[in-house]
């Protein structure tokens, strides 16, 4: 671990990760924040490689950079532009910084002071096979529970995000109001939507 | 062969529904603009004339009045009828719109409004179609691009042609009240000398 | 020992061009003698990268010419033949023209995110090459998670496309970006499942391992899993935004999709990377399903990377062929095809692969006998699945045939229309429908 | 100076604190989710560091544990963003400080 | 000539309209006037909710040359070149319609050879125009110009024949009041014979290649549907009307130039969607070839132009003559006041009137469907704006 190449890799990746994370705090635009998040994720994937956990590194890139960041960008696109400033919450900023400082000092002190009894054997090789086997053999129960959890999350997310009928009516009414030019429709007292909401019915019915 | 539907027969149908709304003037059916909609509706709905296809809708500026011309066609009986509606008021010509009866009239009426300035009451979206909103005047009117001295541009006559059938015969053009957006002629207007130079 | 191999031994390994790896080993040994050890590892990395760029660079230029010539042949015209002999310098002329063109940027564009994509889009394009094995030991990085690496890197390309589309502040670009992201995410699922059948069967996730398994069993995967091959081909062409799934840059609908606002060399980069991705994806299709650098023993004679390039060329021609002739599908049709057809089909084949794998391993069937039977069964299953899909999943308007009748004597309006419609005899022209 | 376990732990701790601060101080719901993601990644990093430097029999289980964390994190982001969408659709805003309906 | 607010909209970031205000707002996208698939300078302001079209509003007038005003100051013969430029993809049909109207005004009898030649070139123009229409339609569906180039191959042969007879490929200016400008060159008939010999197997190719294409079915069937009653009420004409099932063709209903003595048929569709229009156009090309075969066989000889004074002056009156142009019913309404120039020159543009129902056809579908519907209606912007 001591040759020059490894040092170069570790320090550059550490800088990339911490730099990306701190830029998230500073950047004004939320989309910039997500892109800095992606950069720090890639940094962390590199750090996994330096720890020779290459299966985890590739999974990290595949899931975090490939899916979760795009999911966040979609969420940002679906919410209005007015909300996109990445502004801090000034009045809770102060105490938050205090708490974070406290946590940081305690964790750093623990990290540096205790004797972890670190031992340096050769790293695992061919993690993919070992992890796969242990998932099936040793950790079969958590594996199944994880599967159930993922399906539940999937169904929950769809059920939440889907527009059911009266929402669609409100949406259709506000669209019609937009086209006719008067102000936006007050979502509460929409008795019978001017446009019969037949378009989304197909979805609701299926 | 597409027969031309007999104007008098059409007049009877219209008069049956809207007495006095139609008259035939040398073989052409003229309809009163005020009751235009129900007379055309009677022509469209009566089984005997069955004029369901609005072929063509345009206007002609007859200098003293506007004429809105409709060509209605029956596809099953294969005959065509030409209808004219005369609008005398040049300042604010208006004719009831047929978009209620024929959906095809939408664009054609907008075109006539754009190029002639004839308002179609009841048209849902009467805007200029080709020209932009701020365009001064209506191009297809005869007095648009009017030469000073009320002489219409174009072809007074041909060099090798004899003098007597020069056209239009000077002074024959009826004098019309000056339109507000006509270019105002400088100095006093003498029609007489104008014609000597040009012939 | 064939005489060619003897020649290699006589003249020393580095003459033997069948396996370029010898060359690289020779160089690193020479450096290891006098230099520090870290220098050797860096030099091998650099050599690998240079090798890749040496392969990608010229082939890109040639590919631009090949694609334009082949498509022009489809369209009854000559294609570029003005610049250089038979138009060969046309790509160079294009590149020079693009470099000289002014680099425009829309006024309200998000500057930082607008300038990054043309550079960042190259990263996944070149990274993917690292895992492609050109020969038994000739791949830049023989990761044992190669297949997963391929999917992860092609996943990041989606992010760059979104950045390009969103930042150019143009509605067409935004449409293109949203469509590209929605489509690539949903087509990653069938891609993963198609590769899962291969990984399950060959037992290893390293790309070279899959090729070696095919060599060892003397069978190519397209015979064993034809539906996975078709699914992977279609998912890859959707990932690359190529017809029939090029809706993210559908010029007839949204002008040029996510790279509408890019001009000059920036557009050139997008275009080059698109071609580079197509080449590397056809390379992977050749490696996974057609046996990569191995061809029933021929690779003893012919250098392995030539075999791979020939197979890649064949798959690339197939991609050009679909691009030249097929019309484009709508975004909702693409999505429903992916989720209602490709995903169930590939899931079915993952189950089939598991069952056959257990038969081979735990039951201990003899592979030379078992594999042909399984191949026949899989091919029959594929044809059955395709027939079932063609029969079941036709949208309503497509069930009835489109019919044209001749009006004959009754010309007229609605009454004549009813007469023509009510006629008994067979319509003059009928197409489509089941 | 050999890169040891402590380096990774310090890095993980710093990353965790940055994520924690972001989660606490951002007004936008998506910003909070970004903070949470960073915290989870920091935890993953420390776990993998232990797997590399810890005893061998613990190495495999920590990596499996990290795989589970990544899966759960993905599910959590999906549900979190769906929640943000529903809040936005009913309250027309997703800034965290204005959605204070639970207050008495 | 866009209005102040249009330029302002174009200048100000178009993304603004996307996200101001609350709720997911409709996106207003401008298709045109500079757009690869609007067949010329035609602008469609489409209001979208996601990909679904909420409202499609046409903004036309970019090619408005006010021909009807110009024609009032030129003699009847000088107006003929104007008619080529109204519908530059079917110049022969335009010339024919205008000459028929002028002849009706002047009461001129056209010699039989001229009538046969007029029918020949009108049908040749229909083959060329339908080749262009079908090619661009499939191109709008996304096929990378390949079918377009196949169909252009046939169109080239027709345009070469035009060039042979009247020197121009597109703006032919070939017909005169009372007949045609020149007689047929002697190398035209052999070329026409070989053209008629080759076309059947070319059309067999198209039917084999295009008709069975599953993706074309998926993209065009059930898209842009219109009912026969609605079609008649919004005065659609030509292939768009016949695709809904209404068998109305002016060549049969009101035969002009001797169409009654040629035996041909009128193809009629069933659903009235984009694919039916494509099929009707394909079948019409076969019918036109049948007519051309008969015209070549029965071509009478004799004078090809009645003697009409150069500046003929019809006595005051009006005439409305109509022709079945490739796009629909093309009519010319001429009013004369005795002068050498028409007092009123009005052209009934089939493309513009066929667009009346565009909003009904495209609302509810996706943006891609709106483009395909526009392509299937086969518009020519010169004819829309005149």
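The first chain written gets the first letter, and so on, giving A, B, C, D and E; residue counts start at 1 in each chain.
Assume a residue touches a chain if its C-beta (ideal position, glycine included) is under 8 Å from a C-beta of that chain, and two chains touch if they have at least 3 such contacts.
What you are looking at is a predicted structure, and each value in this text was computed from that prediction instead of being measured.
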| item | value |
| --- | --- |
| Other chains in touch with both chain B and chain E | C |
| Interface with the most contact pairs, given as the two chains involved | A-D |
| Farthest-lying chain, centroid of Cα atoms versus that of chain A | B |
| Taking each chain's C-alpha mean as its centre, the one farthest from chain E | D |
| Distance from chain D to chain A - Cα centre to Cα centre, in angstrom | 8 |
| CA centroid of chain B to CA centroid of chain C, Å | 64 |
| Separation of chain C from chain E, taking each centre as the mean of its C-alpha atoms, in whole Å | 42 |
| Multi-partner residues of chain C (each touching 2 or more other chains) | 411-414, 416 |
| Chain A, residues touching no fewer than two other chains | 55, 59, 67, 74, 78, 80 |
| Numbers and ranges of chain B residues touching at least 2 other chains | 52-53, 75, 78 |
| Residue numbers on chain C that touch chain B, as the complex places them | 411-416 |
| Touching residues (chain side chain C, partner chain E) in the complex | 71, 74-77, 107-108, 169-172, 174-175, 243-244, 246-247, 250-255, 323-333, 395-398, 402-408, 410-414, 416-417, 420-421, 428-429, 431-432 |
| List of chain D residues in touch with chain A within their complex | 1-22, 24-28, 30-31, 33-34, 37-38, 41, 44-45, 48-49, 51-56, 59-61, 63-64, 66-68, 70-79, 81-86, 88-90, 92-97 |
| Chain A - residues contacting chain D, complex | 1-2, 6-7, 10, 14, 17-18, 21-22, 24-25, 30, 33-34, 37, 40-41, 44, 47-48, 50-53, 55-56, 59-60, 63-64, 67-68, 71-72, 74-76, 78-80, 83-89, 92-93, 96-97, 99-100, 103-104, 107-108, 111-112, 116, 118-121, 123-124, 127, 130-131, 134-135, 138-139, 142, 146, 149-150, 152-154, 156-158, 160-161, 163, 167, 187 |
| Residues of chain E defined as touching chain C within the complex | 13-15, 18, 27, 29, 35-37, 51, 138-146, 149-150, 153, 207, 211-213, 215-219, 221-222, 228-229, 232, 244-249, 252-253, 265-271, 273, 275-276, 279-280, 283, 366-369, 371 |
